[in-house]
Structures are given as C-alpha cells and as structure tokens.
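Just so it is clear, A, B, C and D label the chains in written order, and each chain counts residues from 1 on its own.
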Amino acid sequence: MLLEKLREIVWKCNLELPKNDLVRMTSGNISGRDPQTGLVVIKPSGYSYEEMMPADMVVVDMDGKVVEGHLKPSVDTETHLYVYAHRPDVLGIGHTHSPYASSFAVLGRPIPPCLTASAMLGGEIPLGKYVPIGGAAIGAEIVAKIGHARAIIMQNHGVFTIGASPKQAAKMAVEVEEIAKITHLAMLMGQPIVLTQAQLDQMDDLYTNLYGQK
Amino acid sequence: MLLEKLREIVWKCNLELPKNDLVRMTSGNISGRDPQTGLVVIKPSGYSYEEMMPADMVVVDMDGKVVEGHLKPSVDTETHLYVYAHRPDVLGIGHTHSPYASSFAVLGRPIPPCLTASAMLGGEIPLGKYVPIGGAAIGAEIVAKIGHARAIIMQNHGVFTIGASPKQAAKMAVEVEEIAKITHLAMLMGQPIVLTQAQLDQMDDLYTNLYGQK
Amino acid sequence: MLLEKLREIVWKCNLELPKNDLVRMTSGNISGRDPQTGLVVIKPSGYSYEEMMPADMVVVDMDGKVVEGHLKPSVDTETHLYVYAHRPDVLGIGHTHSPYASSFAVLGRPIPPCLTASAMLGGEIPLGKYVPIGGAAIGAEIVAKIGHARAIIMQNHGVFTIGASPKQAAKMAVEVEEIAKITHLAMLMGQPIVLTQAQLDQMDDLYTNLYGQK
Amino acid sequence: MLLEKLREIVWKCNLELPKNDLVRMTSGNISGRDPQTGLVVIKPSGYSYEEMMPADMVVVDMDGKVVEGHLKPSVDTETHLYVYAHRPDVLGIGHTHSPYASSFAVLGRPIPPCLTASAMLGGEIPLGKYVPIGGAAIGAEIVAKIGHARAIIMQNHGVFTIGASPKQAAKMAVEVEEIAKITHLAMLMGQPIVLTQAQLDQMDDLYTNLYGQK
C-alpha cells in the first residue's frame, strides 16, 4: 500500500477533530502531503469518523487523480491541492465548521489576537471572502488572505488551517476554536484588549524556540 | 419479529440523539416508516436511551394502533403519523429539544441560512406556531410550514426533522443544532450575513450530487 | 445493612449529577427518604463521585443523627431534613450548582416557563432569597417559596429540586438545567414568549397522565 | 526514583485538567513542591496528557535545575518557582487557559464573588497585568496581586491557582472555571448580585471547618 505511514498519520489526525468536538457527523477533514512523492492523503467524502480506518484514506496526485483508494476523496480536495501547489511550506491542511470560529464566519469578521496563545496561530486570524465549497477558487482565496497566519476564517462557511505537518494542521484546528471561544465570550461582555505585534512576536519566539520537547 | 431490520435502524438512530448531546434523560425520538407495509417504528414513551434495545421499539400502523411491541409508543406518535400521511416522501422523522435550536423556539423565530451547511437543511429553518404536544394538530402545523426544508422550529417547544430515512432525520437533528448554535453565537455579536437563494442552491447541488460516497 | 436498596438508589441518583454535567468535583447531592422508617439516605460531605460506593451513603434520622455510615453526611443535610419534615409528599431532594440555572441565582431571578418541558417542573421556577449554606434556615426558605414547583433557584447559590423519589429529584435537576440553558440562550437574543397557565396545565396533564410507561 | 509518590500525585492532578475540559492539546500544567527536600515536580513542556506517565514528570530544584527526568520541564517552571519561593504556604500550583476564566483575562477584569462557592477561592478572583509567559516576572505579578485568593486571572493569558497541595491547586482550577462560567452567563443577562465580605467569611468558615471528611 502506498504511503502507509502517512495514511495512518492523516487518519489519526482526522480523529482529533471529533475528539475535540470540532466536527459533527461526517463534516471536516485533514490532509497530508508526502514531501518525497508530492502525493496527498485525504479523508474520504462524507465518511463516518467512527467507521473510518487508515485504509479508507484516499491518495491523490496534485491533479486530483485518485492514485490509490477505494473511496471518493473529500469534496474539498481541489481546495487542499490548490493550497499545497502554492504553499510549498505546507504539508498538512485542516478544515472544520467548529462553532465559535464559524460564528465569526457568519459575521464576516477576523478573530483579533487577544491571547498569548494567539501567537501560535500567527496573531490575528484573517478572513477570506465567501467562495462556494469545493473548487480551486476557495483555495485561491485562502492563499491570497492567509499570509503568515496558520488559520483562516472563510465567510459563511468555516475554518481552514495549515501546518508543516497534518498533526500541526489538526492542532491549529483545535487552537483556533479555543481562541475563537475565549475571544467570543469576552466580546459579549466588553471590549477585548488586543495584543501588540511586539507582544505577539515575543510569544511566537517562545512557542517556536522554547515550547515542547523537540 | 416484524420489521426486524427497521427496528434496529430506528433504535440506532435514536441513540444518535444522546450521543450528539441533543437530548437529556428520556426526551426526543426518531421514527422510521417501512415503504412496503406502511408501518411505522418509533421509540417507546419516556424510555431511557441507555436501557433501550431494538426489541423495545414499537411498531404502529397508520391509525396509531400498536401492531407489535410490549411498550407504549411515544406521545408524539400521532404527530409523526400525520406527517407520514401527508408527506409520502418522508420515511424518517426526528424530534428533539436541542438547546440552541430550542432557544429560537422560545423567541418564536426561524433560523436564517447563514452557512454553507444550511443548504443541507433546505435553507432557512422555518417556524411553526405553538401547538400542544401530542396530537395530529402539531403534525398539521409541521406539514403546513416545513415546505422544502428538512427541519422546523416549533414555538415554545423544540425541533422536528424529516428525511428520506430515519438516518437522514437523525442527521438533520444534529445539523439543525449545529447551525442553530453557530447562528446564535453570531447573532450575539452582530448582524449575520445571510446567504442568497442562488448561493444556497449551488451548495444544495453540491450536497445532493457530489458529497458522500453513494 | 440498613436500607440497602435505598442506599443503592440514592448512590445511583447521585451519579446522574456528574454524568449530566451538573456538578464538578465533589459539589452537589441527592438524598432519599424511606417512607417506612422515615430515615434519610444522603451523600457523604465533599466526597468524590468516582470513588463513592453505595456503602458510603450516610443514613440519618430526622434529627440529623447518623444512624449508619462511616462518613460525615453532606453539609446540606439539615436543609434536606427541614424540607422532608415540612413536605410529606417529598421523598427525594437534589442540589446542584449547575451553571445555567446558577446564572439566574447570581441575578436573583426566577426562570420563566417558556417551554412545554417547563410543565414538568410546575411552570415558573421560583427564586429563594440568599440564605447561608448548611442549616434549617435554607430549608425553611425552600419550603416557603417552592410551592407546587419541583425546583427552586436559591440566590447566589444554586438549585434545589424535590420529587416523589430520589430518581425524580435527580431528573428534575437535569431538567431545570436544560430549561435554564434554553431560556438563557433565548434571553440573550430577545424577549422570550412565556406560556400561559392554561398551556402549562395542558402540558402538565400530558406529562402526568400520558408520558412514560407506568 | 526521586519523589515517587509526589510524581504520581502531580501526574494525576495534571490529568484532572483535560478531564474537566480546562485544557486542550498540551496546554496547562500542575506542579507540586515536596516540603522536605524543597524540590518541585512539574509537567514536561508541550507534552500530551494522554501519553504522559508519572515517570515523565520532571523534578527541578528551586534554581530551576533539572534534578531528575528525561524531558524538558514546562516553560512556566520559572514562574512556578518564583511563587513557591515567595509563598511558603503554597505546595501546589496550577495553570490553565480555561475558556470562561480566560474571557475575563481578555478584558482585563477580575471575577466578582457572586456565589457561595466563591468563598472557596477566597472571594474575588483578582487580576494580574499582562506579563509575557515564561519567566520570574509573571511569578512576581502573581505574588503581588493574588493576596489571600487561591486563583488569579492573568491579563490576555489565562489562570494560575495555588493550594496547600497539588490536588488543591487542581481543584481550584476546576472551581475558578465553574465560577467564571456562571458569573459570565449572569453578566450577559444583567447585573450580578455580589456577596458581602461577611457573607463570604461565613461561607469560608463552612468550607474550611465543616465541608468534607478530613
């Protein structure tokens, strides 16, 4: 079987989505790109997380052709591929309709950086305009607007995250919802205090250079 | 035993309700109609989800007579039967008091379509007026107001969903709460951006023709 | 061992509290009264729900004397006993700090009856004034204000529920939080539509005479 | 192995954080100080709660030198050590970004004492000003502002708790989020009723002298 290790990683990262209450039923997905072959492993379309196994992951090439797999890939596949094609640094992509982040999507608003943890996501979480699900156009909007952030709110839709691995893309999907929730709760009571770029840079340095085990 | 397969499906679909935090204690129910015999399988009244087994499901005919089963059917049975009688396309019905959707019920407001996922429910989730629980009258209000939507908010009460199968009715119960939650959260912060009918139609096409495995 | 069956029931009803997210750590309790002996079984004070077993339940008489049990009874015992002494119809009492209901307690407000399910609790959930935890005085305030309702909000504190059994008291603790949540969510968006007494009476009749299996 | 018992306690207390939904992914931590040796046991940096075992806990001395352990200690270690050095009464420290409490952090507001349970935390939960994560400076701000409270909100960041044991620090982390949630929900609907110092003192007496089993 092709990319056996990556399939298992992508499968496991997909399972993080229901485990962290970011998705309901079959919605959402995580993909991963193999840096050697350039092939992408992605969740099958509309497939139950509970029943899904590593062998159900779909392997596609950069043209969207299914290279291996017995199932149809996610309807978001073309979107993922566009992002991979234009962002060589990205090896993992995530997508959810997680509720607090999606409430910003309904209003067409970015999420201001009000928490030390916001530095992990690159500060403000930008907004992409409304683009219908399922094509390269939404990928183009992500690439145009995400900049150095690791997540983007897509208007009337949900969240996309990017990372140097599928695991990081999944982690960013968790973090963006947590930050969206705290910021939302604060905005209901008053005016959030937004961190300065210097404060965010200092925290980014901590998360990049000191945090974790490496 | 009559309709053994449908009993098991209806039982399993009922279990989706507590699993997705849509019901507490014994509230809520899912039913399914057998297209061959016209018989309906429904949850027993006030029965614990934890203790419930497929054999506890109640089989009723279209007049509400218990055809098979050792328990009393749901107090909502007459309501389900009215909907089945007037909507030949419906083979599954769901009912919950899920909290975010029910908050719209308390205000007597429909849920505006502000998310791509709203297309799955047919766009706006309409409002039915207050009708006491338990009779054909509430079924008549559902039939009168639900139109092409797959869910309806019943004032001061909760949610009813319909589908081409019990599984779809259960899925719609999950989706309506998710959409209600995101829309509610957005409405607390500002003015939601409502999707146009053309945008919803385009997404409906995607969910109908591309999404999932069929 | 005294009242072995009632201990087990009270223990199981206490476990419903964490299971339904109504309590954190060791807070909250359920008690039950034995109609024959008049003895009361109650949760031990500040005791972990996870480690608690039926044998850890404390049996007290109506003067608060521990009749059987190796642990100290809840600090709310005197309160429960006062209610039992003045309400012969009550055989089960529950107490939680469940968050949505307690938010009404912080504001000193009753919960208006805006849902068909409110009929199960007797309509409006009344408010008791602030009384310090742990004595007969809080029991007296409950008895003075609860009337025909099955739950009461105690200002700056939490919720007490009553029932014809410990099981019903636990169920009411679940229902009051569900109703508080839905009503709270509605109040944040607009003006709730309150049910009339006639509408509540009709629903009370349904819950009393038709709902469930008996 | 050094401090085998304390490692196990600190490990178990750390697991209370995800269990009570106070942390996501690897964020948050609990530490404990051994009163005999003065050594501190703390969670490893950026480490998964699920994979973490007692042997993964890191033992540091009061200068922050790793005395035993195969992993890097939390980036918050210096902060914990500063608090231990200046508060001999403290033998356990907790840290989370729990969402309701953190919403107060985003606004730079203390949490007013509106619940009998607030007495457990020492009344009002004070606010510390913004200080970057990871050094003694944040410890100094905690020591300067926490006073007789058992928790503090750190602006734009999250919560720190203190206790006479790691277990108490973990319990305070649970309580502060519960109180923050109830108070937040109340503040969205109206003006919270704040308890007087005399009312809080009376409840503090109950929690200190009557509550629990000792």
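In this text, contacts are C-beta pairs under 8 Å (C-beta built on N, C-alpha and C of every residue); 3 or more make two chains touch, one makes a residue touch a chain.
Worth saying up front: this structure is predicted, and the values here are computed from it rather than measured.
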| item | value |
| --- | --- |
| Chains contacting each of chain A and chain B, listed by label | none |
| Reaching chain C from chain A through chains that touch each other, fewest steps | 2 |
| Interface residue identity across copies chain C, chain D - same or different by half | different |
| Between chain A and its twin chain D, rotation from the CA superposition, multiple of 5 degrees | 90 |
| Centroid spacing, where centroids are CA-atom means, of chain B and chain C in whole angstrom | 31 |
| Interchain centroid distance [CA atoms averaged], chain B/chain D, Å | 44 |
| Chain A residues counted as touching two or more neighbouring chains | 188 |
| Touch relationships between chains, expressed as pairs | A-B, A-D, B-C, C-D |
| Residue ranges of chain D in contact with chain A within the complex | 24-27, 44-47, 71-72, 75, 97, 99-100, 102-109, 130, 132-134, 155-158, 184, 187-188 |
| Residues of chain C defined as touching chain B within the complex | 20, 114-117, 171, 174-175, 178, 181-183, 185-186, 188-193, 195, 199, 202-203, 206, 210-213 |
